[in-house]
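Look at the two complexes coming up: chain A is in both, with chain B in one and chain C in the other.
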Partner chain A sequence: MILSRAWAWCLLICCLTQPVFADRIGDVVDTHVWEQAARFFTFRDPSLRYALAGALLLGISCGVLGSFIVVRKMALMGDTLSHAVLPGVAAGFLWSGTKDPLVILVGATIAGLLGTFLVSVIRQTTRIKEDACMGLVLGSFFAVGICLLTRIQKMETGNQSGIDKFMFGQAAALNADDIRLMALCTVVVLLLVSLCYKGLLAASFDQDFAVSLGLPVRILHYLLMGLLTFSIVVSLQAVGVVLVSAMLITPAATAYLLSDRMHRMILYAAGFGTVSGALGVFLSFQGNNLPTGPFMVVGASSFFLIAFMIAPRHGLVVRWLRRLRRSRRIQFENTLKGMHRVLEDRDFVGDGVSLRELAELRRETIEDVRKRVRALVRAGQATLGEDGNMAYFTPDSRSTAMRIVRNHRLWELYLTNEANYDADHVHDDAEKIEHVLGEEIVRQLERKLNYPAQDPHGKRIPGIQEIQEDGVRPAAAGAGLGYGESR
Partner chain B sequence: MNPSNPPLEIHDMTVAYHKRPVLYGIDLVVPGGKLVGVVGPNGAGKTTLIKACLGLLPLSSGWVKYFGQAYRESKSRVGYVPQRESVDWDFPVNVSDVVLMGRYGKTSLFMRPTREDRAIARECLDKVKMLPYADRQISNLSGGQQQRVFLARALAQESDVYFMDEPFSGVDAATETAIIELLHELRDQGKTIIVVHHDLPTAKEYFDMLLLLNMRVVAFGDTEEVFTSELLQRTYGGRLTILSEVVDVVKQQEER
Partner chain C sequence: MKGSIASLDLSAFLLQPWQDDPAGYGWIVLMAFLVTLSCGLIGNYLVLRRMSLVGDAISHSVLPGIAVAFLVSHSRDPWIMSIGAIAAGVLTTFLIENIHGRSRIKQDAAIGITFTTLFAIGVIIITVFAGKVDLDQECVLYGEITFIPFFDYVSLFGRPIAPQPVFVMALVTLITAGLIMLFYKVLLVSSFDSGLAGSLGFNQRMVHYGMMCVLSVVVVSAFESVGAILVIAMLILPGVTAYLITYRFPIMLVLTVVHALLSAFIGLHLGIWLECSMAGSIVVAGSLLFVLAWIFSPSQGLLRRVLYRFRWRENAETQAGGSPA
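Let's look at the complex of A and B:
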């Protein structure tokens, strides 16, 4: 949701900023993209240095706090808080008449706290649920904030005040005082989070248990909310009210996809926050001081998109590849099983399986079967005779085939004996289960069924020893052990 | 152990959820070294009883004492196994992180877990046979394994009184046996264990004492004495319909 909103805002901004900068294109026409990039990387402009420092600081504090917000399922709270501070920002400006960071900080903090307080009051006294309460407060506070901002812009001092930067963020507008405040905020966040890490972790994972341990869960919650408000407020100028919550959530969500431990997630989130912050400043600088917030969030969202695709365990591509590999394996195993059954049907006389026999058994055309066998050959799991019409096992694939047949028949027997399935109901189920039974479960099944020799249809179940021996020395041993006698 | 200071004593405890009383005038004295099962129908207030004892819910009246002391003073002597469903198992922690949390109450908030804490956590994991899974992320565990992790976390608390909320729900047979063996072992060490349990037939088998609960204490005593059809009927028979109706009326009036 946050993500899609970020993109939507970006589009909007691109449209909005066009006319604003149209009259300035004349000034910038001689600054080439590369020159601009060179200026960026030499850090010549002090305002650029401030902007970068700000982006890095806010990336760290937002990443750290965002990690907790995400795992505590409070993402919407971050969003509410960031929108609720806007009237405070405007009121702070009206009060002091200038862009005094301290007064604005105080105003914004008060507004943010008032917003969260209202959410809990509405939730507790009415039957409106929490998400609607947040939506309510978010919308109304934001609207009031916009109204005040438009008033300020009509004022004479307001126009040059840079207060409009609070909407979409302008890192280039940061000055030394702002940076000092942001640095203070980041240091406080890092200090308190690392001091109380134990308690925050326990309270986030299992609140009741943490309370029962005697940890000050309520205080920790307020601490987190306090830090959140504080760092949202100091980040406002660089990212803007609209998108600051995205800087909280997106890097943390990206990190969540990539790590399974909280401290690592925090580290990654801070990293992604920092890099996307810097990226935002760079792109904004390239475009001659376009609003920074949207570019930062676009950067953060791109990282998320990449992680969403290729994260090692949770990524889309990885999951897709895993599924592909699995279905390929199942196909191989089914073909091998078919070959085994052809051999079994003629009491393991001879080594080769003709494609015609296999096609008959599998009820497929010879062409289809040929394709399957060729795939097996390519994977080194079978060989084709010289005329291309006979398929042979390799030692490995023969034991694979026997293992699958064994799994299939054991499972059928288990279902009929232990789960009281009818013998004609078990085949389809076993067709799926045979590919997923691990060695450990198979052993359990054998023990449970007392090392059976025959499946419910009277077919022989290959034992583990035969599978291991037969892998090396096929038909003779099979015949010796009485393959196919049950038919 | 001073007999006049039982491990758990509850006096005239009443608990309300959203202004709606769930437990009425509970009086209970649990002797030491017993494995106590809490049984009763859905909505009887079994979980509420545990949470109220642990100070997770405010009491409308009455008090709870452990070894003659208020809960505030005896927190370190009380262990807790919440319902497995109460947490998000996708949380980014691994098995040993979770068990280590059992030690968090032992030192100050700002202290890192010590080497000794880690050793105890490993020991507890070993007791529930989960040591091989110590580095696994918790979402990759089966239901039974998750329950064992919770149990190990409670063991790491090294408490004298334990509250366990449905530790047998949704676990495999092997885990169930393992848990009950562990509970017997704890009991034999003189610990008091109070277990919310859903399944009546096994309740008779597992526990030394039973608390039959349905908004109030229907009966509490040794399992053989309490597990009678008459008392069970009274617990499950819904004789309290008038009481719960009155509760609804009270609630409606308060909301008006």
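Let's look at the complex of A and C:
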């Protein structure tokens, strides 16, 4: 209730203070930042509405197509195409003599397809690698385009004011016709992609499989490239030649970090595309003549940065935390194992392990051992005696220790008996693998070794019964330590 | 539209300029040659190492570097611009490597994300500080060799030797060529067989980063003449043209020089004939040379392939006809 009243006040203030309508975004800038922001959300300026609609449509079509080129490892094809359409734009202009969007669109699409075709022909008939082919076509086509454009400038009829829009793009200058064209493009893209989804999916991930299914892989490739060219040409007016490739790559790459399923990736990419498009329009609305494209790109890149850091599975910070947790667990398990071995050495007389004994066994200083045991105590896996020099197991951690020792010794036995290792070569290997063996595999090992009682060094291997008798669920103990994460 | 292109009058387009203004056109050709040569020399390695599109990336992402350098120093001094460019180039390389190495993003996508982001930041800096930065995005995207001021001469020992831009470009070319000669073996080995280079104890990362620094300087000094996008063509064209003709690396370097010289001359005359952008026409000339090499290359050309296939079929037919059925 309060919120809606505040919103109403906001609207009222906006209406009272800003009675003028701007023809273009950025014409009205003599206002406060907050007022300008509030003004954005009233959507009163027609130019703003067009820009926003353009950005949203652009985000959708680029996100969908970008997903395909990113998984196909052809991300820079978008960059190549966006430059290669220039001669088409110029030729269309020369042909029609005016800035007729339809002719320019047709010319640009033809030039883009020609560029795609040349890239694959050069790659197939020479030993030049794909990246050089792309750079080659990009630069050469662009040069031809520049030559044509400078010719147009020299001609008397050469009012090329519209051409610059293609180079740098200004979403604020979009008009209703442009928006209609972009909407058409987005609909066509969505329609064709959903019709050919299965085929595109197969051809993108496993070309040989797609061929063996009898899919027209080459036609699908050119279909994708055709759609790409078409939507690049349409988007150029909003973001410009250089930055249109960002709108193709960045949202799709962000989605790629977040999902392993193609349909979900496409959805995410379209989502990130639209949100960063809207963000770009919003930010460029805040100042005088700020360009829209760069802000869209910076928005998209910020989303990428966030996903790069904290994506649930692939994020940098997330993986770092996971590694930290794993190494902490291994340290805990090693300390517990040490405690168990101290007890074992004195035939399980008494409950407590003195830090001194533990330090001698692990060949560490008392201070180090104290630090380790304190960490265990903090994690609730051990208790310290009154004087702080004796460590005691908790029921949980005693079974953990036994389980680790059991893993270690079974593995040593397996290496000596089955893999014919020398008994004095197996310790280091077992030291590493004891932390990652799952309960299932240990059972198999045990069965294969015919339920042994002693390891190659004559030490006793704790049996599963013993561990269970200690009042703990062994399976749960294993599962709780996150073996699944280690992959 | 045909009428707007002048008919091909050889004497007017080949001889007239040299009679009218030999010095002016001479400097333009020399400048074009130096730009194409320095780009081509470093570009050879990019082509061989399959890093052509890293050249694309760096040519765009030096923009924030030079914008910041200009904001801080308020001068267009080539040295300061170079420092900004090197910083941006190293940052680009670092970002690409990290995005690619520390996540599942492939290298091509990492390149795309990095350079577009840096370029966007550069454009934002330029527009936000529009009053203070005497740069605009257009001058970076398209340069034009004929707009370069060739009247400010650099003097050595009291005698003017060359216009300042030509002098700087010559210096850059000399440094590039000198570094290539100095590290010829290292670059050769690490470009063809990185495993061997590693086992010989060459520091691959240093080679990579060093090359990116040189690339950034070359690119930023070529900006004024050709702009950020045509630079990519200049980086790649000489290398791939030579790559089609020869299998030997030293010959490839020599062919790069020939390619640079030819495209500078042909480009100039093409530009005069068509009355269009000189930078564009130089690249178009370079592309034409590539197409010629593609068709007529003695070892790998299209023509040879066609002839070979034709002769093979002929042989097969005569053999089939000659043998008793």
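As a working rule, the second predicted complex is superposed on the first by the 413 of 487 C-alpha atoms of A that agree within 3 Å, B and C clash if a C-alpha of one lies under 4 Å from a C-alpha of the other, contacts with A are read in each partner's own complex, and residues count from 1 in each chain.
In this section, contacts are C-beta pairs under 8 Å (C-beta built on N, C-alpha and C of every residue); 3 or more make two chains touch, one makes a residue touch a chain.
This structure is a prediction, so every number in the text was calculated from the model and none was measured.
Undergrad: Report the partner of chain A that touches more of its residues: chain B or chain C.
TA: Touched residues of chain A are more numerous for C.
Undergrad: Contacts for A:216 in the overlay, against chain B (first) and chain C (second): which applies, first, second, both or neither?
TA: Touch status of A:216: first partner only.
Undergrad: With the two complexes superposed on chain A, say which partner A:256 touches: chain B (first), chain C (second), both, or neither.
TA: Touch status of A:256: both partners.
Undergrad: For A:293, select first, second, both or neither according to whether it touches chain B, chain C, the two together, or no partner.
TA: Touch status of A:293: second partner only.
Undergrad: Name the contact category of A:265: first (chain B only), second (chain C only), both, or neither.
TA: A:265 contacts chain B only, not chain C.
Undergrad: Which partner chains sit in contact with A:204 here, chain B, chain C, both or neither? Use first/second/both/neither.
TA: A:204: touches chain B, not chain C.
Undergrad: Could you look at A:144 and tell me whether it touches chain B, chain C, both or neither (first, second, both, neither)?
TA: The second partner, chain C, only.
Undergrad: After lining up the shared chain so the two structures overlap, which partner does A:135 touch, if you call chain B first and chain C second: first, second, both or neither?
TA: second
Undergrad: Identify the partner contact of A:304: answer first if only chain B is touched, second if only chain C is, both if each is, neither if none is.
TA: Touch partner of A:304: chain C, not chain B.
Undergrad: So chain A touches chain B in one structure and chain C in the other; where do those two contact lists coincide?
TA: The answer is residues 73, 256 of chain A.
Undergrad: Tell me, which parts of chain B touch chain A in their complex?
TA: 51, 54-56, 75-76, 78, 80, 82, 86-88, 91-94, 97-98, 101, 104-105, 109-113, 137, 153, 157
Undergrad: Given the complex with chain B, which residues does chain A contribute to the contact?
TA: Touch residues, chain A against chain B: 71, 73, 195-196, 198-199, 201-202, 204-206, 208-216, 256, 259-262, 264-265.
Undergrad: Please give the residue numbers of chain C that touch chain A in the complex, ascending.
TA: Where chain C meets chain A, its residues are 1, 4-5, 47, 50-53, 55-56, 60, 99, 102-106, 108-109, 111-113, 116-117, 119-121, 123-124, 127-128, 137-138, 141-142, 229-230, 232-237, 239-240, 243-244, 274-277, 279-284, 286-287, 290, 294, 300, 302, 305.
Undergrad: Using the touch rule from the top, collect the residues of chain A that touch chain C in their complex.
TA: Those residues of chain A that touch chain C are 70, 73-76, 78-79, 83, 94-95, 122, 125-129, 131-132, 134-136, 138-140, 142-151, 154-155, 167-168, 241-243, 245-246, 248-250, 252-253, 256-257, 287, 289-291, 293-295, 297-298, 301, 304, 308, 314, 316.
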